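Down below are the structures I want you to see.
The same subunit A turns up in both complexes below, where it pairs with subunit B and then with subunit C.
Presenting the complex of A and B:
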């Protein structure tokens, strides 16, 4: 029954009449790194704060390691929110002291380990003066000092330069390798996700579109290319486009339409296909 | 948690303490100067006021010092609203503006504990500072004695509001008001403005009705010429005449009759005229000076009650924040 450390069952979150999330069910395997993707406003941040326990779902239930999350920070979860909130006037050392003071379970050793990774962060520097990369490192140190079993990262790479992005991902991967932490991270940077994620959770308009092992998902889909005059005529077309010469489509399921050539999509092509389809649906509704 | 709030508020505390040190030093210097003036003019011996000796010297003294003493009382009146606007209002509003509330919320500290700790750690030093400053200013006023603003009734608003538990009650009220406004509106500037506006409104409104919090004592005299003489400058809530049955005469006719007669005859035996017109006694409803403490406590408890509501309101606002 308890498949995976994070399980969501028919989770919905409504803000007045807006349905930020609706009927979300999925499960994350232990030690997996899952990329959470979807267009802006798909409900990614809402989902992360529900899993952390910052907000209560309108209906449905989320369990982390078998215990239900109930409107309070789950002890096994660490969440790093988009803005990477830290006390700017504190030095890094004071920030770590604050982390220790605010947590029932805290490891100075673990937090300092994270700070010492890569180039290392100057502990006497004020947090407000750090570079975006170092600031992210401090924020991750605070998150990992909690010794979480599930780490939630909301756009951890958004304003980092390529080097800092790479290093941040390396910190996260080290954590997964050493401690088997389950990670769920949302990002727009598909190429980076491809390097680190083994699972994918694709949200659109508050619903789960795709969820599971990336390799299996990719196996399930085809990119088909054929002459423009041919009709696709199969089920499971996620997204299709036509130029004067040829038709291209992302198809889910085994059948390849006649006269088309099929290829296995890469992660970027797959996610792009779903995002484009989402936009087309939204435009059609207007 | 206490350490975190302490560290966050450190610049505020430094400002607070520096402000206190500078103002206490200023008040003590002024007090010393004033006491030297008192001794130089040997004014202490001239009291009670109105005795022949040194009225001119006393006038000179008051020209120099009276307004300064009033101003000092004014600073005690202003302190609470400053605390509310500059310490209360930003307490939560700044966290929400900078997003740092999310940092606390994503650790294992509970939101109620977070709110209460912030409230206590940031608020207590402010209350202590206001209390100390109030006492220092009061010692200056007492040194001036009957020559200073304390010669007026203890109920006169600048004196009353700057004494007893009142400054602390106002401070607590202003601080919690600012805190609740900040937690609710999540914008420092909005919270500061709301705090300033509501604080002044509440002070004026409650100041207007606070006299009715104590039942006044009715003093009755059979001498119709003058009001009953009351020692100790009480607060006179109401005064007038009673008929033979002891009921208050609200009708101004007897008064007008006698005034007319006085005008017509160029003088009148007022007391006889009043009696002819059915007035039997004079009364005065007063709050004796001795009851000032009771009034301070009653008014203070209204403000403290509102402060409790604001603390609960802040906690509620913080808990529902996503």
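Presenting the complex of A and C:
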């Protein structure tokens, strides 16, 4: 019935008159790694906190492995928020003890495994003195110590240097390989997302624009290029631009406009097309 | 690492899907005789460790190869090569290969760049195949 580890049906979240999310429906396949993308203010963080159970939807329902999330932390879900809430005065070891005390299900072994990965984290160091990369690693260790079936990561790569970014993604990918965890991660770093995500969830103004298997999504889009004087004249134009001589467009669906050359977009080009279109729409309303 | 068999190199800017790159590299290794029937492909975990790709992508590449009848996944054991793509013509001492080696030596002597060599090869190949 409600198959799939995460399923959202007509989910809306309103803050006063602001609709952070509106009519969101999607489901994530088990063991998939989904990139959550969208412009700032699209509702990404709101969606993640609803799935984690930190907030209640205004209407609609979210289920995790068949059970409804009802405004309290779901035991199968771990969320790493943008703020990485850790106690700066604690040592890493104390932080792990706090993790054990705060969670009904907790694995010291798993948390320590994550801390030992890569260069390893000094367990006697105060959390407040750690580098941004090590801090993220500690926060992920706390999240994975809960042995989650669903791992939610809100901008896990922001503030990290390239090496720490690579290492963070490596920890997450290893978790997927070993435990088959379903992952939903938001990020603005499209090139990093490209090789770690197999699914995409694109939000804009609180609504799902695109959702599904990345290869299939790319297959159903074309980047078309043609002479500027030709009209596109097809449905499904996501975004288009013109120079004096050339017209370029991102088109969804099978039809290639006459006189245009078509190519399959890569993930970055696809997401950029949708983001540009979103900005154009918002500017037009001003 | 990777059981010492093969290691995948992922080109993140090639525009070619990662799973197709992995499948192509397995086939290339099979043609060169580096992988033959009975050999075990690296596990998804091993590939993740070496290249940081999504394990689902590795499994997708292996499924693709399984569809083509080249490998077989055995539950709890791993993925094994079941076919042979190696031809004698690809071996280091094969006459055709030695002809190409000589031709390539001449190209280097005459100062051709790799891109020029690729252009000639692609052009000639196109007229015959």
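We adopt the following convention: the second predicted complex is superposed on the first by the 285 of 286 C-alpha atoms of A that agree within 3 Å, B and C clash if a C-alpha of one lies under 4 Å from a C-alpha of the other, contacts with A are read in each partner's own complex, and residues count from 1 in each chain.
Note that in this section a contact is a pair of C-beta atoms (placed from the backbone, for glycine too) under 8 Å apart; a residue touches a chain by one contact, two chains touch by 3 or more.
In this text, all values refer to a predicted model and were calculated from it rather than measured experimentally.
Undergrad: For the combined arrangement obtained by superposing on subunit A, do subunit B and subunit C clash, or do they fit?
TA: fit
Undergrad: Considering only the touch criterion stated at the top, classify A:194 as touching first (subunit B), second (subunit C), both, or neither.
TA: The second partner, subunit C, only.
Undergrad: What is the contact status of A:10 with respect to subunit B (first) and subunit C (second): first, second, both, or neither?
TA: Once the two structures are laid over each other on A, A:10 reaches no partner at all.
Undergrad: Who wins on subunit A residues touched, subunit B or subunit C?
TA: Touched residues of subunit A are more numerous for B.
Undergrad: On the A-aligned overlay, A:88 touches which partner chain: subunit B = first, subunit C = second, or both, or neither?
TA: A:88: touches subunit B, not subunit C.
Undergrad: So in the superposed three-chain picture, is A:52 touching just subunit B, just subunit C, both, or none of them (first/second/both/neither)?
TA: After superposing on A, A:52 lies in contact with subunit B but is clear of subunit C.
Undergrad: Let me test your reading of the model: by the given contact rule, A:70 touches which partner, first (subunit B), second (subunit C), both or neither?
TA: A:70 sits against neither subunit B nor subunit C.
Undergrad: In the superposed arrangement, which partner chain does A:281 touch: subunit B (first), subunit C (second), both, or neither?
TA: Neither partner.
Undergrad: With the two complexes superposed on chain A, say which partner A:98 touches: subunit B (first), subunit C (second), both, or neither.
TA: A:98 sits against subunit B, while subunit C stays out of touch.
Undergrad: Nearest approach of subunit B to subunit C by C-alpha atoms in the superposition, in Å, rounded to an integer.
TA: 26
Undergrad: Need the overlap of the two footprints on subunit A, from subunit B and from subunit C, as residue ranges.
TA: Common to the two interfaces on subunit A: nothing.
Undergrad: Would you mind writing out the residues of subunit B in touch with subunit A in their complex?
TA: On the subunit B side, the touching residues are 1, 3-4, 7-8, 10-11, 98-110, 322.
Undergrad: Quick one: which bits of subunit A touch subunit C in the complex? Just the residue numbers, please.
TA: 31-33, 166, 169-170, 173-174, 176-178, 191, 194-198, 215, 266
Undergrad: Which part of subunit A faces subunit B closely enough to touch in the complex?
TA: Against subunit B, the touching part of subunit A is residues 49, 52, 54-55, 72-73, 75, 78-81, 83, 85-90, 94, 97-99, 101-105, 142-143, 146.
Undergrad: Quick one: in the complex, what on subunit C touches subunit A?
TA: Interface residues on subunit C, with respect to subunit A: 10, 12, 15, 17-19, 43-45, 48-49, 52-57, 60.
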